[in-house]
Structures are given as structure tokens and as C-alpha cells.
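For reference, the structures are reproduced in the following blocks.
Here chain A shows up in two complexes: once beside chain B, once beside chain C.
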Partner chain A sequence: MISKTIIFMVPLLIAALGGLFTELAGVLNIALEGMILSGAYAAVIATELSGSLTVGIIAGMSASMLIALLFAFTSLHLKGNIFVTGLAINLLVPSLTAMFSKSLFGTRGVIRLEETLGIHNALFSLLLLLSFTLLAVIVLKYTAFGLHVKAAGINSAFLASRAIKPIKVQTIAIVISGAACGLAGALISLRLGVYIPGISAGKGWIALVAIYLGNKKPVPILIACFLFALAETFSDTAQGLIEIPATVILSFPYFITILGLVLYSIFRKK
Partner chain B sequence: MKRTNRLFGHMAGTIITLVAVLIISIIFLLLFSSDKSESIYYFFAGPFLNSLSIGNMLSSFTLLVFSGLAITVAFKADVFNLGGEGQIYSGAIAATAVLVYLPGLNSFSGFILASLAAAAAGGMMAGISGVLKNRWNVDELISSFLLSNAVIHIIDYLITGPLWDKESYLLTTRTIDIRFQLLSFLRPSNLNSSIFGALIAVGLITFIFFFTKQGYELRICGMNREFAHYGGLNTAFYVTAPLVLSGALLGLAGSSAVMGIHHATIKGFYSGIGWNGIAVALIAGTNPLAVIPSAFIFAYLNQASETAMLKADFPFELGSLIQAIVFLLISSKIISDKANGIFALFPKKKGGIVD
Partner chain C sequence: MKISGINKYYKETGVHACNEVYLSTEPGNILALVGENGAGKSTLMNILCGSVSADSGRISVNDRNVKSGSPESSSLAGIGMIHQHPEGAGPLSVLENIVLGYEPRRFKIFTFLKKAELEILSIQKDFRLYLDLHKNCSELNSAQVQRMELLHLLYRKKDILIFDEPTASLSDNQIEELITIISRLKNEGKTILFISHKLNEVFRIADEIAVMRKGKLILQKPIHKLTPAITAQEMIGRAEDVNYPKRNHDRDLRKAPIIYSIENLSYRKSDSEFLSNINLHIHQGEILGIAGIRENGLEILENIISGMTHPQKGKLIFNDMDVSGESPAGLRIRGISYVPADRLNRGVSADSTIADNLILLNYKRMHKMGILAPASINKWAETMQNTYNIDGLPQQQIKHLSGGNIQKVILSRELRENPDLIIICEPSWGLDFSSRNQLHIELDQTAKRGTAILLISSDIDEILALSDRISVLYDGKINITEAKSEMNRKSIGEYMLGIRSER
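Let's look at the complex of A and B:
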């Protein structure tokens, strides 16, 4: 059970840590969901075409970074409302994937792979979790860039006074979140060896709430992600034990996320 | 002082966005369709070619007026309602449940009760987000979205499980009795008498906004909540009330689709109404009357991409792509400033820079 939870946790944590950069840089990033989906899709397509999982992962990350650039361009450079443009990304990706599927494979739905990425090892997953968290801590705490990111969120005028363009820092933060979400998406789809429309299943939103619940710090985010993954494992296991219809179980992540959001708000008030 | 709006920029920016959308649509048509000239012809002329497409366009116009108006109400009070899809869906299932399972209704009482149930279902769902916002300061834009997605899965379950019509080959509930079905026009298109309901709703909301005390207070809250608070207004009320009203209108979109078009709740029928409502509202600014032309533009674009898809073998729904592009560009301040610059070159001309 715990090992299953840890395996479920990996993509969620990676996406949340990526989103942490944008959150700290003062960018409300609701596009996480769309970026994860683009990563999941591109990874499967590239693996299918090249036959190499490594190429798949790289493609997933690059596709998601491209989407992130589009998000950064429209929200920061064209000064769009960050929320509306984020929504746009979440709507754009499913329609783009449907379009590519249709013209590449003549299908608009499921794409299956021969091989799958063998992350069924809990120990390896745990290692991944810890190293990514450590990486985030180091970058945010001990590098100049990490400080710039935090400064962009707290007081961008200060950054500007140091001749550092806040918009540039925020753009880089968005691209980092894109890379992380691409990786997260690639891990989701390659582990299952299949792309299904909507495969991200609210992970981007859960990651966003995990960032809030974790109070925008890497280690508490790790714990928040563990709780969400545990809930996911529970609902996954419950499916076999009690008679709960599968479609109802699909609603659990959203209810749990709302609950998490409410709890966060209550605790923050105290 | 120049009248600017926090979110939506000016008319000029909207026009530039729409032009960009048209250009991008044409590029996609040229890139992906097998017969290019044919698909462009059907894209532009398709919606007006026969009474079937005109009727279907007006039918989707009806639903978009409801959903666009709903989102406009929320925007006017400066709150967000992202739960459109779930609220439409719950409105539809509530109306269907009333009409299918409640005995002894005649066509009038059935219509009234079903509409009330739909409005209540949608309004309650949106209202929860308002309560969460007031009570615990939970961001309504996230909570409304999450709640809607959760409820969608539960309604999916109801449709495919307990309420499933076993005689149908579709994933749908049982059909409502013929006496509850709205008048249809331009058969076999989807157009029906709920189009009048949608237009009446626009009139009512305009009246509430501009001719009632509550509407005035709602607008003050939307412009500056802090100012409204110091002025002694109950600002918490004007978070929940606009959300409830918004949800109720989306519920009505659902019930009008049930009574007018599908005569049952079909699994996933809400797609393309919920999010498009936001796009319609963004184009309309926060003006309820502007919802009418804005919904028409979207209904046209939807129908255009549909005819291009059917008649000219265009490979995918352009509609959702158009929607995404609108969202990407519509709120841009740079575009609206640039656009104003362009329109300012003709200073004597009226129009263009009107908010």
C-alpha cells in the first residue's frame, strides 16, 4: 500500500515542485494541468515513433516547455489576465492533442505503446522523490536564481532596482514548471504505456492545492503530496473492496482537493 | 478619465482578437483539410446555407446566451464562476428527474417545476463556492471548478447507472414526455422556443443591474469591493448572490437543452456550452446586452467549424481551438492598447474605442 502510494506520488510531487517556482515568483499557474497533459501526450507519441523511452521523456518535457513559453508569452509579455490565459492552456492542449492524433494516427482517442517505463519499484521512486525535493530546496535556498524567484514574488520592484527584469525571472520560472510538468506527464503516460484523453485527471489542480497546503515550502509539499497520493491509493483500493462504481471514484480527487483547500484556509486563519 | 476595465480591455482589443481568431482558423483550415477551397467556403457560408444549419446555429446561440449571461453576472460582481459545465449538467439532470419521475404534472406546471429545479440545482452548486469564499476565504475560482468536476462524475454515474434508459442505445436518461417538450422551429434543427427564454433572461438581468437597488449595489461591489464595504454594503452577500444567480442561469441552460433539444440528459452534452460561456462573457465585457452579439459570434464560429468538418472533411473540431485562442488573447492589455493606438489614428470616427 505504501509502496503504491510512493509510486503514485512521483508525478504529483514533480509537478507540484515545478509549480512551486511559479507560485513563489508570483505567477498563479493554473496551466499545470494542461502542461502535464501535453507532456503525457508528447512522451507517448515520441516513444511510439522513435521506440526509445528516453526520447519520449525528453519530448514530453520539451512539448510542455513550449506550452509553458506560450503561457508566459501571453500572460507576461502580452499582459493577459494570468487566470484566463492559464485556462486557455488547459483548453488548448486537449484540442491540439486530438488534432495531432487525428492527422497522425487517424484516431482521436487512445494511443497504446508496446513497452512501458518500468517504474514499479518503490525504492527507486522514493529516491526520485527525495532527490527532487532536495534539488528544489537547494535551488530555492542557496542559488542566486532561487532568491530572484522569491524576490519576483515578494517585491518585483526590488528586482528591477537591481537591474534584473522580473518578467525574465518569471518566464524562467514558468518554463521550469513546464519542464517539471512535462516530466510528470511523461512518467504518468509512459508508466501505463498508454495515452488516454484526460489522462492527467486533475493532477495539475491537485499539485496546485498541494503547494498551498505545503505552505509553499518543498518539504511540507512532499508531505501534502503524500497525503493526496495516499487518498488516491485508498480510492484505488476501495474500488476492489467495496462496491463503488468507477465513475464515482473519478470524482474523489476533486472532492479531496476541495477538502484540502478548505482545511488549508481554516488552518491559515488560525 | 478613460474608462478601462480591469479584466477585459476595450472593444478595439476584442476586434483584434476576433480578427486573429479568424486568421488562425483559416490557417488551420488550409493546413489540415484535404479540400482547401471547399472547406473555406463551408466555413464562411456554411451556417447560412440551409434552414437546418441556421436553426442549429440559433439553438446553440440560445444556450450560449444563457451561459454567457451567467458568467457575465459573476464577472459584473468581480467573482469567478468556473463551474459552468457541472452547473449545466446538474440543472439538466434535475429538470429531467422532475419531468420523468414526478407524477401528475401538466405541461405548464411541469415546465415551471423543472425550470425551478434546474435553477435551484445550478444555483446551489455555485452558491457553495460563495459560502466557502465568505466563511473560509477559499478562492471561488478554484472551488467552483473542482466542485463542478466532482459533480460531473457523479452525474455521469447517475446517467450510466440508476437513471439509465435501458431501451436506448445511447448513454442517456429516460426521455421526457412529449407534453413537456418545448415548441421546435425549423425542423429537423434543434431550434426551439427556449430562445425567447434566453432573450427574456438578458432583459431581466439588464433590468436588475441598471434599474434596481440590488443591481446597483452589485455593480458597486464589482467595481471596488473595499469601497462598497466602507459604504456599508453587505459585500459578503454580493459574493454569494451573484454566484447563485450565475449558477441558476447555467442550470436553466441545462433545463432548456433538456426540454428543447435532447428531451433527456445525455452523457456529456454540456461540452462546448460551459467553457464557451466564459469566452462569450469575456467578449461581451461586463455588459449583459453585449452577450447577444457575442453569443451570436460564437454560435456562428461553432456552426462554421462544424459544417467545414462535415462537408469538407476537416479533421477536428475547430470550435475548441477557437475558444482557446480567444482565451489566450482576449485579456491582453498590450493588444488592447495597440489596438486603441490603431483606432486612434482615425480620431473623428465614432465607435472603435467604446468600452
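Let's look at the complex of A and C:
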């Protein structure tokens, strides 16, 4: 069960770490969900067309980064309300995928692949988790860019007074979150070898909660993601075992999310 | 450095902020630029820094031209400015704040904080500017943030340092420290431009004084050829305004009924900011001045008396009623008005119009069936503006007004409610002489009408000019409470710093 949890954790953590950059840069990034979905979709399409999983992953990341750029452009450069633009991204992506599917494959729904990405190895997943966390720690703590990201979130006027454009830093942070979400989405869909509408299943939202629950620090975020993945594994395993309606069990991760948000606000007050 | 023939005209407001300004200074010289609010000092300095571009004129440093309107060019020429209210990025360390944007790098992308730290430590040693580099910036007080900015400018090897009203929000002994630092910078050969309208400071540190009035440079002379009185006359065109207006009545109020009292008040915020066992009372029609250092309990006292925080121990009694647990709104209903020190955040809604700010306390009487009536609002605003000489149009955003006018908006709004007690904190921060004097006259007349005024201020001269009785806060305690006639500038200062005590 632990090994399954660790495998479930990978996309969630990658998305959360990507979102951490935008969060620290002072950008409320609710578009994570849409970015993950776009990554999942583009990965499957590209793999289907090219036959290569690597191409699929790259396509997933690129598609998500494109969406991220759109988000950055509308919210930072055109100064749209960030909540509305984020919501718009989340509403736009599912309809876009449906439209592409219809014109490319004549279906609006499921796209199935011949091959799947073989990440069923817990040890390899663990290695991925640790290296991504480490990467985030290093970038945030030891690079000039990391310092600028934090400064942009704390006091963007102050950063601007030091001749660095906060918008530029924030745009880069959004694109990083796009790349991370694209990768997360690609891992989700390619591991199953299928694209199903709504496959991201709230992972972007859960990642956002994990960021807050982890107090915007990489290692605590890792732990928060573990909790959420554990809940997901539990609902996945329990479906066949316990006699509770499957729908209730499947909603278990979301209950944990609500619980997490409540706990976060309680701890924050203290 | 030379400034020649600088012109700047703001079309939108029709203000000629700089009119053919010539100014020059050299290394190791402290040039003080004085003038009333709106005299064009800030515009001139912003032109120097490149954040505003001049319409015409030339700036040169070491005979090399500085491109107007280009912060990079000014920065390259070695010009750096410390703003009136410097800010930092809170949770980051002091070191990170200093190097932000100009970090030494390792392998291009990694920061090399150790190297920066060594560099800054040596700067600290050279200038004896001590500040813990590993502290969080959010733990610093305003004097320390200022020092952090200064370290940043020195780290970037700036030679021309502009201090824009650096003492505006400092307490008296922080000002002393700053003066020491500035004279040390001067000895190290830095060129210093010091903007202020506090003449006593200017005469203590400057080598040369330049006076600006209404966008024009009136004079630039070495300090020994000037006196404060002459300078003041040049600044405002009239001499008498520098001095505080005399209170036109000194009465014995000891027999008047006590309207407000504080009993055994204690509050602990941190080891340096606390109040212990405060006892005070104020009579009807009296002005009680509480002097002290802002970070040393004065600010907490303001918060507690105004109802923003509640005492941990002790009672606040107003008209024989315990009001310790009242909210600011509750206090207001009972007849206590509050004019805060932080005017832009607490005193007004900066983005709202002047009219909206003027009706904040009585808008409930200005509606027709629950819908605000613009006609009566504008009429009210105009009446208020005429009565209290407030500039601007009623529908203009209040943040574009000068400090003095904003203060007038707040005070007039509060006075119109006919309070029994007014709490007024640091009333003349950022005000020029004539606005300050108008304010003092207004307060004097208010007291004459029987309103008690609790004046909280870190400015000793103001306390002396305005109060009937004076209390001095030191180390969280009231060091002394005495009639004004028994106190002078020196004794208040000594009580404030704890050199003397009468407990």
C-alpha cells in the first residue's frame, strides 16, 4: 500500500512544487488544475501520433507551458483579475480538449494508447520525489532567481526598486508551474495509457492545498502530498473491500483536503 | 555634482515643481535642502535619481553628464537615495535584503551570500554601521530599515547619498544616531544631500544650506552665514511661523472634573515594547501631553487608548464607565475621537474621495430612503472644506492631498462629532510649519470649548507648546506627570531617556 501511495504521490508533488513557485512569487495560481489536464491530454495525443512516450512527455509539458503563458499574459500583463483568469483556464482546457478530440478522433471522450509508461516501481518513484523536492529546495534557497521569487511575493515594489521587474519574475514562476503541471499531467495519463475527460480529478486543487498545508516549504509539502496520496490509495483499495458505496469511498481524498484546509487555518491562527 | 537649470512643470496639476534650479556640491560636504511641503524638494531629488525626467536642464557628476529620466544612468553616476519611509522584504534576512537584485553569483545562477556578507561586514566596520545581517527584516524598526537601505547604497558603492526626510518617523535618540552616522559618512568623503524641514537638525549637521520655495531655489549658502530665523524666513516668506503659536490661555484645570482616567494599565507586547502600571487622568478642557519614544511604549499606548488593542491588566475609565473592552467604534459612540499617527492607513481611506472621507462619521444622516444623497454629501464636504481651509475638490482622491490637508480632513471630521475627548497622535508628522500651526490653534480652541485632548507625541517641542500638563513615558512607565510650567525641553528629554526619574 505504501508503494502504491508513493507512485500516486509523484504527479501530485510535482504539481505542488511547481505551484509553490507561483505561490511564493505572490501569484494565486488556481490554474494548476487546468494545466495538469492540458499536460495529460497533450501527452496522450503526442504519444498516439508519434508512438514515443518521450515525445509525449515533452508535448505534455509544452502544452501546459503554453497554457501557463496565456495565464501569465492575461493576469499579469493585461492585469485581469487573477482568480477569474485562473478559473477561465480551468474552464477552457476541458472544452479545448473535447474540441480537439472531436476533430482529430471523432470522439469527445476517452482516448486509449497501445503502450503505457511503466512507472510501477516504488523505488524509482521515491527517487523522483526526493530529487524534485531537493531541486526545489536548491533553487529557492541558493539561487538568485529563488531570492527574486520570494521578494516578488513579499514586496514587489521593493523588488522593482532594485531594478528587477516583478512581472518578469512572476511570469517565469508561472511558466515553471506550467512545466511542472504538464509533467504531472503526462505522468498521470501515460501511466494509465489513457486520456479520460476530467482525468486530473482535482489534483491541481489538492496540490494547492498541499502548498498551504506544507506552509509553502518544499519538505513539509512532500509530507502533505504523502497524506493526500495515502487517502487516494485508501479509497482506491477500499473500493472492493468495504461495504460503503463506492462514491463515498472515492470522495475520501477530498474529505482529507477539506480537513487539511481546516487544520491549516487553525494552525495558522496559533 | 552639479545641477543646472532644471525645470519641471506638471501639466495635470499646473504646478511648476522646479523652476530653473541650480545646485552644486562636492565630496565630504553635507548639503541640506530645506523647504516647506510642496516646495519641489522631492521632485528635484526624484529627477536626480532618474525616477522623474526633467523638462530641461542638466545634471553632471564629476563633469560627466547624467541622462535625465534614467534611473540606470543616475545609479551609474553613483547617486543613491534613501526614501522617507524605506521598506524591505519582510521575512527575508537583512543580508538578502541588502544584496537583492545585485547578488554576487557563483556559476552564474547561484547566490554567493558568504562573499556578500564579507563585503558588507567590511563596510560595516569602515562606517561603524552595525546591524545584525542574519536577523529577519520584519524584526527591524524604522531606524534599522533605514540603516539597511544605507548599507545597500554603500554596498553598491554610491558616493552621492540623498536622505529624504530621514528623521520624519524617528524618535529623538534614533535621530541622534542617524546624525552620528551621517557625519561619519561625510568624513569618509561621501557627498550628502539631506532633505528636511526640521531646522534644528539641519543646523546641527549641515555644512551648506539650500532653500527652496515654490519650485525655485532661493539661496545656497554655507551654514555659518545663516541663522535658523533667516532660513525659516526664506523658506516660508514669513518669519513667525517657525515657532509654535502661543496657547492663548493657560488655565488652572485641576479643579475641573476628571473625564478620563487610566488605572494600573499593563500590557506586554515584547521585551522592548511594554507598558507597566500606567496611571493617568485628564480633566475636562485640558490638553494632556504624553511624551516618549515611539517604539518604547508610546505606540502601544496609542493602540490601547484608541481601542485597537485591549489592556492585559488595568482599566480605562471614561465618564465613570469602564471602557477597557470597547472597540474603537464603541468608544466613538461614547464620545471619544481618535486621530491616529498612521494617517494614511488608519485615519483615511486613501483611495476614496475627500467627500467620502469627510462623511465617514455622519453618512447615516445623508441618505434618502437608504440611498446616499450626493447633493447633501457635496454640500457637507464644501462646508467643511471652507470652514477648515481644506484644499482640493470634493470628488478628488484624498491620497493626492498634502499631509497637512489630510490631517485637516481627519481632524475636522472628528471635531464635528463634538467629542468629549480627542486622542491625537503625532499630529504634526509630515506637516509644514503653517499647517502645523493652524492645527495647533485649532486644538487650542477645541480645548477652550471644554473638550479634553490627549496628545501623544514623540516631539518634545510640540508637547511643550500644546500641553497643559505633561506626562513622560519611559521604560513602559510614566516617569513623571507635571504641569507644563514646571517642565522644559531639557527636563522632558532627560525624563524621556530615563536620566531623571521621579517615581
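We take it that the second predicted complex is superposed on the first by the 268 of 270 C-alpha atoms of A that agree within 3 Å, B and C clash if a C-alpha of one lies under 4 Å from a C-alpha of the other, contacts with A are read in each partner's own complex, and residues count from 1 in each chain.
Definition applied: a residue touches a chain if its C-beta (ideal position, glycine included) is under 8 Å from a C-beta of that chain, and two chains touch if they have at least 3 such contacts.
This structure is a prediction, so every number in the text was calculated from the model and none was measured.
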Any idea whether chain B or chain C touches more of chain A? B
Considering only touches as defined above, state whether A:Tyr254 meets chain B (first), chain C (second), both or neither. first
Which partner chains sit in contact with A:Lys150 here, chain B, chain C, both or neither? Use first/second/both/neither. second
I'd like to know which partner A:Leu159 touches here: chain B for first, chain C for second, both or neither. second
Applying the document's definition of touch, where does A:Gly80 land relative to chain B and chain C: first, second, both, or neither? first
Quick one: is A:Leu123 in contact with chain B, with chain C, with both, or with neither? Answer first, second, both or neither. neither
Check chain A for residues that touch chain B in one structure and chain C in the other, and list them. none
Would you tell me which residues of chain C are touching chain A in their complex? 71-72, 75, 87-92, 96, 100-103, 105, 109-111
Show me the residue ranges of chain B that touch chain A in the complex, using the header's touch definition. 7, 32, 80, 82, 132, 136-139, 141-143, 145-147, 149-154, 156-157, 160-161, 275, 278, 282, 315-317, 320-321, 323-335
Can you list the chain A residues touching chain C in their complex? 142-145, 147-148, 150-151, 154-155, 157-159, 162-164
Chain B contact footprint on chain A (complex, rising order): 30, 70, 74, 77-81, 83-85, 87-89, 91-92, 94-96, 98-99, 102-103, 108, 202, 205, 208-209, 245, 247-248, 250-251, 254-255, 257-258, 261-262, 265-266, 269
